[in-house]
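So, here come the structures, one by one.
In what follows, chain A forms one complex with chain B and a second complex with chain C.
And now, the complex of A and B:
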């Protein structure tokens, strides 16, 4: 890259600075809130009477609060900040409608405060992933539309001929997610149709928003940090369209064995297995780009987090395709195995990639460096071991729980008792993750307050 | 885009999400719209509707499903949790509460399996009093300690004059009403 290109990118980053840092700062706040809620929810399995007389903190309220805070708070805000920056970089155009982005951050956070407060006070809509009352959902939907408007305006100002694969995922997700979110929030469904809408949404929130976010970032950062083009560009095209086609049809695998038409369950199972095609395409592209450059994982936190996330994407997708099969669903549906799978996706894949991206983007938009490389390492290892322990405990515990539940000779209370050591292990893993998050938040504040090392200008961009 | 035109790209993006919606929501919605309520399914009473809101408020659905599986798919039938559920069992449910977790047992027919009001009150007040190995949280705010017990009070613990509030009574009405053991009729 010649000095002119470097300074062009510095100017783009400078233009992105305020909105991107606002997204990041509020995302980190919700990450801490979400972690606290998650650990508390897990601890309530170990100590069922703990805080047992406070209605706002009963398990059935903090559990959905945890999900909504990490999903619509942490992952969505961090993802939006990363994608805004990425779009500017890939279009080689300064971020447009920056005022819209600032307004988006404000509305998004108001929605989160309204929604989370409502859940804790007992005003939940009672639909998983869609618990927020309509005013909160409307605020978040409007915030997303403002975000999408800025991305679209930036895209229209692009000065590049070629649209890199990451940009396809970004442009598709800003069309998909608002359609999905509005359709699913309409208060018009009932009975088993409502269940179908619920899980069409629940699975697609991952499919049309979080997974495109994670993949767009991985597709950008792996080749970027290694300094080598993506392994096969044609394969990424196949991967994108197969992804768009099959992911949408997955949702009803959450209702296998339930009172819905069998044909509906079957097409979702088939689509889940067909996800093998886009997943393999992405896996080949990510992993074969990385192969031979593993030594870089030691020096680049971005690459370390991103490659961990990309590997987890392959793992969670293969697990998901197998998990959707009827024989697997018979055993693991309704168990903690599903919780393990969800965390393998939202944490080991998405969150790790978001950390990696934020380690790259933050110093460039804040024009200030991360302090304490050792603490960054500690963050990685706490997060990596924490999530592996989490997934191992819940998947193994859930597998055994499912086996015991399907054995009619085992009394139900014994099924419950059997899971307890695994749930305690899960609490420990949550504390490890929380430690990593505290380190990350501390480092982030150090960059924001410019109390770390000054950034050397003119380096790699 | 090196491979296709931009409008083709966005048309494809719209087409894929529409196809998914049509397959998982649109067509099943049409098919299920004509499903009538099971003739023996009773609509919720006012008290049961209120109780259902308490069920949602306290997040019961995160640990209890309301869907019984057929013979040959899990042990629901052998555990005597009730015949396999059908769409006609759910027509009055808004929102649906099918659930995705069985940290606790399925509740579609809890009213038939455990018809005792007193058991439910004791269980909600202190789950481990009636089920020592239970992990369920207690719900003491659905109860109140009274100075003296009047004629209309539902006493749960006589030592301390613990009485069930209207919320607890309606929640139990809802739970007792969860009874889908009637035979399925087309």
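And now, the complex of A and C:
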């Protein structure tokens, strides 16, 4: 390597190094905590008495703890790290306000410790996705604002004329998510309004934070790894604006059949179906960009994870549009089917793309390569088979469960017995996912401690 | 009609979010961000990593 020939891209990557690696390292920690909580919660369906005498480890506490840890810990921290790096690259400007990002990581983690501790000790607000008590939510909100400040400052220093499609997704999420998070956490709601705010928030956390994160990364990495521009750039921009128009109406479809005005539910169902437009724009575009280059899936870990995630995005969105219909809700509401849908979104789509992005970003900011490419393959196959098994088991089990619960002649205990094999399968798939996560954490620590191969710039891996 | 204050807060926030999106869209059109859009797809490539060159070929070294 010739130090005088350090490219601008390398300089930008190195400037983002400290905050990005801090986000990643803490994200990996929360991924392991979240996996442990998830597997434990799942195991309790097989062994109802296991850990049942310890109040802190009862199902009612570890399940919300699992959700909040994987959502605000793993996915949000990893997403923030990836987006910070991506913004710097797309603006061709070094990451600004890096001190703010370090402070953001600290506050974010303090919020997570406070919030998760509160949930396990029994101090939950009892509103799904918004269980964290106010001080924890305030810490996380402040951390997100610091993150948004750094992204905005970097954006203002941009040296590019054109804003790449990924940048639209990033900027939309840092404007809308803080607005959403702060509004939803205000202690001013009650009754039906509270339920509406709950799911307006719950679905938009996906809509204006996690989905833009996943799509921004997919729109960058698929063309970048293949070395071929997006098939129809025009379609990608159309997709963004259609996404911006429709997604935020979707939340109330979680309350179909509930005590809300019917027009409100109907609007939400219509918007959920209209999501077909941006989803197809993304699906067609990613497919036509990749077509003819599928052989690269064999050689690039990032492409493998990202294409798996992008395909899952299409699957989860089509499933979601259908699931919002009243006739489907009659059967699958309050069943394990919903859990399958949630994991298809947050794991098969978002988490797989985050893995892909982290496999690309980490060696470039740490300037150290991944050891053991074979272990990366093992991680991919454990995660891929684990999540496919998970979604298949919960969706099928939930579908049968819904049918049985709608039959007044079937005793409830028979419905419970019916779901058992599917729930055991879910625990097994959770253990597979956990194995993949342990491999990922091990590889990540090896890069951080620089005990793998040194990265040689220029000579591509 | 009796509208709870919380609903007014929500309406204000929704109007604010929608206004920001509309402002961004008007800016994008006036700024020419939506013109000649296929050129925009090329901004992620440069001389060192040009179109036609795959990156991240981590598993390739395993081949004979």
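Please note the rule applied: the second predicted complex is superposed on the first by the 452 of 461 C-alpha atoms of A that agree within 3 Å, B and C clash if a C-alpha of one lies under 4 Å from a C-alpha of the other, contacts with A are read in each partner's own complex, and residues count from 1 in each chain.
The rule is short, and it goes like this: a contact is a pair of C-beta atoms (placed from the backbone, for glycine too) under 8 Å apart; a residue touches a chain by one contact, two chains touch by 3 or more.
Quick caveat: nothing in here was measured; it's all calculated off a predicted structure.
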item: Contacts of A:175 with chain B and chain C, given as first, second, both or neither; value: both
item: Contacts of A:197 with chain B and chain C, given as first, second, both or neither; value: both
item: First (chain B), second (chain C), both or neither touched by A:280; value: neither
item: First, second, both or neither for A:325, with chain B first and chain C second; value: neither
item: First, second, both or neither for A:244, with chain B first and chain C second; value: both
item: First (chain B), second (chain C), both or neither touched by A:163; value: both
item: Chain B versus chain C as contact partner of A:183, first or second or both or neither; value: both
item: Most chain A residues touched (candidates chain B, chain C); value: B
item: Chain B versus chain C as contact partner of A:392, first or second or both or neither; value: neither
item: Chain B versus chain C as contact partner of A:303, first or second or both or neither; value: second
item: Chain C-contacting residues of chain A that also contact chain B; value: 162-163, 171-172, 175-176, 179-180, 183, 189-190, 193, 197, 200, 237, 241, 244, 248
item: Contact footprint of chain A on chain B as seen in their complex; value: 1-3, 9-10, 12-14, 16-17, 19-21, 23-25, 28-29, 31-33, 35, 56-63, 65, 67, 69-70, 73-75, 78-79, 84-87, 89-105, 127-128, 131-141
item: Chain C contact footprint on chain A (complex, rising order); value: 7, 9, 89-90, 160, 162-165, 171-172, 175-176, 179-180, 183, 186, 188-190, 193, 197, 200, 220, 223-230, 232-234, 236-237, 241, 244, 248, 293, 296, 298-303, 359-360, 370, 373-374, 376-377, 460-461
item: Footprint of chain A on chain C - complex, ascending; value: 4-7, 9-10, 13, 16-17, 20-21, 24-25, 28, 33-34, 37-46, 48-62
item: Chain B partner contacts - residues on chain A that touch it in the complex; value: 44-45, 48-49, 52-53, 55, 58-61, 63-64, 122-128, 162-163, 168, 171-172, 175-176, 179-180, 183, 189-198, 200, 204, 208, 237, 241, 244-245, 247-249, 251-252, 254-255, 257-261, 264, 267-268, 326, 330, 333-336, 338, 405-408, 412-414, 416-417, 419-420
